[in-house]
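Shared between the two complexes below is subunit A, which pairs with subunit B and subunit C, respectively.
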Partner chain A sequence: MESTENGSSLNLNMDRRTLLKSMGVAGLASAPLLNSGMMSAAEAAGQTINFTAWEYQPDTIKSLVANWSKQTKNKVNISFIPNVGYTAGIQARQRGGKPADVFYNFAYNSQKFVNQKWAADLRGLPGAEKMVADMFPSARSRFVAENGAIVSAPYFSAVHMLQYNKKMVAAAGFNSTPNSLQETYDQCKKIKANGVESPYVAYWVKDFVEEYLHVYLLAGNVQPFDKKGDPIFMDDPKTLDVLNWWQAMYKDGMTPKSVLTDDPGKHTSSMANGQAAFYALHHYFLRDIVESKGPSSGDISQAKIVGTGGKTLQMGEVIQMGGKVTGAKKAAAWDFMKTYGYKDKSGKFTTFQKWAASGALCAPYPGFFTDPKVIAAFPDYMDLSLIKDTFQNASDIVPARTSPWYQGFQAQCGTIIHDLLLGNSNARATANALAIACKTAKSGSGL
Partner chain B sequence: MILKSHRARREESKRSVSNGRFGFYLALPSILVLLALLAIPAVLTIFQSFFIVPPDGVGIGEFTKVDNYLFLFKNEIFWATSLRSIWFALIFIVGSTVIGMAAALLLNEKFVGRMVLRGLLVLPWACPWLIVGIIWKWFADGNIGLLNGVLMRLNLISEYKDFLSDPSWAIWMTAIAATWRQSCLVALLLLAGLQTMPREIWDAASVDGAGIFQRFRHITLPWLRPALTVVTVLNVIYGLMQFDVIFAMTQGGPGSSTTLLSFLIYRQFFIFTNFGIGSALAVALALIALVGGLIAVKTLYRKIEV
Partner chain C sequence: MIYSAAAVFVVWILFPIWYTLSSSFTKPSEIGARPTPFWPASPTLDNYRLVLGIPTKDQECIPGIDIVNCGAAASNVSVNKLVDTMFNSFIVGAAVVFFTLLISTIAAYSLSRYRFAGSVFFLNFTILSRIVPGLVLVAPIFIFLRVLNLLNTPWALIISYTSFTLPLAIIILKNYFDQISIDLEEAAALDGAGRLQTLKLVILPVAVPGLIATGVLVFLESWSEFFFALVLTDSYTVPALLAGFLSMQTFNWTLLSAATIIAIIPPVLLVMIFQKYIVTALASGTGK
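Moving on, here comes the complex of A and B:
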């Protein structure tokens, strides 16, 4: 196990579970360090940080960066890579010898980057343990690797929610949203009979369908992976129920046939125009539906994706520090990361307040949800307490999703699930194929 | 006939050698750039295909002889994807050549608005492949796509068809989208070839009683052979290497119905970070393109006897 150059007061040989347990204590202990810093802000001033991000709200990013630069007298060179191809772009820069000092990354790449020394282990940096300790316990393992390394800071977090049309659900004779996958099917069937051709929409495109695998497995009370990252879902008979349900939703026309290639924008439009009753995706999509001001926008509300498992998927992307950043630059880079992914020097969620206002994005900190500016930033139609409760009590990040091998599994998931939905495969064969995909991803022998 | 003196011939020969050398020096910077940008990566890729390269890309790694290739050849996904890539490329090559040729012939005729049309021809070609994919994704949409509207108006379909989520249609639709852009380049190149053709040859053939199809077959086509060879080789390469349009339209789905070799290469390099297998795949794809290119040259290229 590696130690960071600044060292740490923690026992660095502890595993993730031990580390997570001790986070509360460590957080309190390291709280004074948060503001003092191991290297003072003055020492870290005058640095130039190369920051790479994908192009979501670039103007917001620029303004956040400009604020930090102004306060700390450090310069930040921002480099944007389009969302499409970001993974390839960031890796090509790493291999090409032009790594960024701080960069956005997909959570599933984060541990791999630390293992390959493209990203730094943040343990021991002032306030790093406190940052993790301040998170929802459900969120922590996205940022802490199995060996205890702190691999990243949050960029944003979200939970899968069910956006639904209140009028359509009521008109179909239901007084609540579905409480299980089967109830989802039943409600869809009734709403379809009422004239809504495709009541359910979701972002089931090839590259994204893996998120739904977990959403539905969790809803079906199936634990997808064990602590070692082995696919225990394949031995659980409930997995077959989930997969059969999923196939039936598509085959029986509860979703549009085009759902396998449709973008979220189209689903948003379907909901806003009254062409769909349910839309399962991240919580912040409610904002897009309502603000698109379609004829049905005002009828849309949000509910938990409730299943027998009582949990849904919590996701989020991360920011990481380059593996070769050292000295004063490292102190400056970490200060930037803390401001961007945690709190600013005055202890406020300045960055997240801005993201909340501009995109209804969340942070995985309970304190975020009680911040008056955050509360004010969320529109009235979004039930912030419901979202907070989902983060706190009704969501799971599925820790295997940040494992170094996971992206290999994710890449194969799309084909396997699409084959199921298209009727080219049955539930048993799909479960087996997913398990094999997991095995090949771990051994790096998949094609 | 003018007989040149021995001295004059020697002078001319000297000048020719000197001109050749001068030309080489002028081309040298370009040759060096080409070597750096094309030859070195190509050689490196072939080299890496025999190794297990470390994921961080630093160092060579372990020499595995031909294991990477054996892994591919034993894998049914590789063969299925190769066949799909060739099928996609065939639709692309035939489609863009035929449409491009038709457009070139049309734009070679005199009519009002010809210059405007020639200008418009550049527009699709100026669009990046990814943008073409996004445009066509909306165009072919199963609910709101213009294509469905047009087909309905023409009574060719009775209800809106979801082309992209239907595996049997998806490969066609992505190939047509890519063809749309490529046929513009083909038209431009062939139009340039047509404009070098002396009008007198056509007129003489007309006087001799040759019909329009005979003139096309016996005059235009042979005249365009060199340009057609270039165009077909380019089409083979673009068709087999296609990635962006499909990525934007279907991401290789639904299922694996539009997953081509280029997708497998991307996956090996950037997802599995398996440079050895990725390089072997790239070499395999390059070989398929080479064979396709050679077939095109062998079929189309004829030496002009003077």
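Moving on, here comes the complex of A and C:
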């Protein structure tokens, strides 16, 4: 891994887990120092922050920004870039010499941006260590690089869940949702026999299928990468079981043939209209299914994607500070980031309360789930305690996914997995191809 | 055989348009219906109402979009901006057409009528410049516009679009001027007209079809350009706004389809009105 600007030698020999634990302790110990940090933010009033975001709920973003501006007397210029093309857009602006001071980023780009000095290492900023310490331990390594650099703050987090049709599962004679990948297949087969043509839907398009690789590997009790980020899944025989299961789900018609190109809107509609029994994707998609008020919307509930591994994928995107922000502007930008990705000055999850209400998005903090306003914001049909438990005990972020090389692997995953599903490859060849793609990406060659 | 091939070609061309049109009248809850119906069972205008900011008549909640019927606080995407953005696209397109025709007419006429040092190289270089991908050019253009403080203004797009529509316009117009008999200019010269007078009073009136065709093609290129609009502005024109309908795994196909149908009306009208000029101009020289 490339070294970063600050203190790259600090923790090179320290185990990542130990490092994250020690950051938690350091964060708690430094809590009393927060007040001094607030003072520097206050001194930073009158700054103009350039903030770049992608265009999800632009009106919510504007209101959040306006609230912060009003409170701090700082100005924020918001720049929206469509989600499609965001990476190209933000990198072109960085290269062109007009970087944002604070910006949304995809988690897989976050370490790379810090290494390239396009984003700042947040270590040492008042409350940064406390922010990390307040997170679920399972979430911390998305925001902390291997060398200890704090690369980002949370924008939102989510866990993969299984949206399911209670009536269809019961009618097929099952008392509970599947407890393993094999049970998922078995339940689908019975539900299909009951007349539901394609019982299982998931967002298996090329650009997204990499998330499912981890969802299913984790469900199959396969550890995808070792602590150094080297791929080890190909040496685990359980990987072949997972890949064989995946291929069978598609080949045996448990999913629609069009599932390789269908988008979440279609899957939401399939679930709401009673055309599918299971839908595996982020927890917040339950909201879309229920609120679209289709004939089966009221029958849909949510369960953990349980496998023998007992874990699913936790994902989320991040906000970062520009690498060239200094002085009073840096204090203001950090204050903005804390309000946006952590807590406001009064210690409340104001921003996340808003995201919870408008999009059922989550934050990777245990405190978020006990916040009365968050609890009130989540609709009754969403089991917040189940989602919290999944964050806390039953999910993994797969830390390698934020490594600078990872995007090269991600870019190749879609073709390799689709070859498997279409029957052009077998499980062994697919595992090997994925491993080669990892190694190629790590070595810096390939895409 | 020829008719079969033509039929296949027509289906190939019309299928995406039919699919978009059909989707634009489909309720979001029916977009996943299988098999895909030729036409929605209960067509709705609500997608058009939503993108135009008109209250919907249906009581169906469209998650993430219809904040009234869903009782939600905010829409996932930018609705109500389509008309403003189309106006922006029109202004940018019109300005690009004006500047491109102004410069390219003089350049193409010079290349057609004069042999000057480097004229062949200039023409070949003009053609070659079309090969350079926009992705390579965007960073230097970004820096140039940043220095001039023109980022996120219409001028950012007018300048950059003009720079890459010029070669296309020069090539088309040079070809068109080559077809115009030089006798006309010689007659004008005998009457005492200078070069610019000849161009203005004799050549341009004859070249109107070529100018219109070039203008239409330049306008279409400007109207549909996405990447420069994405990088140089904040969703100032239509393509960038349409891309905003695909957001965070939330794909609003029905709204995107309605917005797309509305957005293609101006270019389609333009092409229909000037169709005969486009065909004439692009076919000029084929009988040589």
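As a working rule, the second predicted complex is superposed on the first by the 424 of 447 C-alpha atoms of A that agree within 3 Å, B and C clash if a C-alpha of one lies under 4 Å from a C-alpha of the other, contacts with A are read in each partner's own complex, and residues count from 1 in each chain.
The working rule: a contact is a pair of C-beta atoms (placed from the backbone, for glycine too) under 8 Å apart; a residue touches a chain by one contact, two chains touch by 3 or more.
Being a predicted model, the structure only gives us computed values, none of them experimental.
Participant: Which term applies to subunit B and subunit C once both are placed on subunit A by superposition, clash or fit?
Facilitator: With subunit A as the common anchor, subunit B and subunit C collide in the superposed model.
Participant: Given the touch rule stated above, what does A:Val84 touch, subunit B (first), subunit C (second), both, or neither?
Facilitator: It touches subunit B and subunit C both.
Participant: Given the touch rule stated above, what does A:Arg142 touch, subunit B (first), subunit C (second), both, or neither?
Facilitator: neither
Participant: Based on the superposed arrangement, let me know which partner A:Glu55 touches: subunit B (first), subunit C (second), both, or neither?
Facilitator: So A:Glu55 only meets subunit C here.
Participant: Output check: A:Lys330 vs subunit B and subunit C. Expected answer is one of first, second, both, neither. What do you get?
Facilitator: neither
Participant: Residues of subunit A touched: more by subunit B or subunit C?
Facilitator: On the superposition, C touches more of the residues of subunit A.
Participant: For A:Arg93, is the partner it touches subunit B (first), subunit C (second), both, or none of the two (neither)?
Facilitator: Second partner only.
Participant: First (subunit B), second (subunit C), both or neither: which does A:Arg123 touch?
Facilitator: A:Arg123 contacts neither subunit B nor subunit C.
Participant: Looking at the overlay, what does A:Asp419 touch: subunit B (first), subunit C (second), both, or neither?
Facilitator: In the superposition, A:Asp419 contacts subunit B only.
Participant: Just to be sure I read the superposition right, which of the two partners does A:Pro256 touch: subunit B = first, subunit C = second, or both, or neither?
Facilitator: A:Pro256 contacts both subunit B and subunit C.
Participant: Going by the contact rule set out at the top, does A:Ala357 touch subunit B (first), subunit C (second), both, or neither?
Facilitator: second
Participant: If both complexes are laid over each other on chain A, which piece of subunit C (58-66, 184-192 or 274-282) hits subunit B?
Facilitator: In the superposed model, subunit C runs into subunit B at 274-282.
Participant: Based on the A-chain superposition described above, do subunit B and subunit C contact any of the same residues on subunit A, and if so which?
Facilitator: On subunit A, the overlap between the subunit B and subunit C contacts is residues 84, 88, 95, 256, 258, 263, 266.
Participant: What residues on subunit B touch subunit A, complex-wise?
Facilitator: 55-58, 71-72, 75, 77-78, 130, 137, 141-144, 162, 164-167, 170, 247-256, 259, 264, 266-274, 277
Participant: Can you check the complex and tell me which residues of subunit C touch subunit A?
Facilitator: 28-34, 60-64, 70, 72-78, 135, 138-139, 142-143, 146, 151-152, 226-227, 230-231, 234-235, 240, 243-244, 246-253
Participant: In the complex formed with subunit C, which residues of subunit A make contact?
Facilitator: Residues in contact with subunit C: 54-60, 63, 79-85, 88-89, 92-93, 95-98, 197, 203, 208, 256, 258, 262-270, 272-273, 275, 281-282, 287-288, 291-294, 354, 357-359.
Participant: Provide the residue numbers of subunit A that touch subunit B in the complex, in ascending order.
Facilitator: 84, 87-88, 91, 94-95, 112, 116-118, 205-207, 256-261, 263, 266, 407-408, 410-411, 414-415, 418-419, 421-422, 424, 441, 444-447
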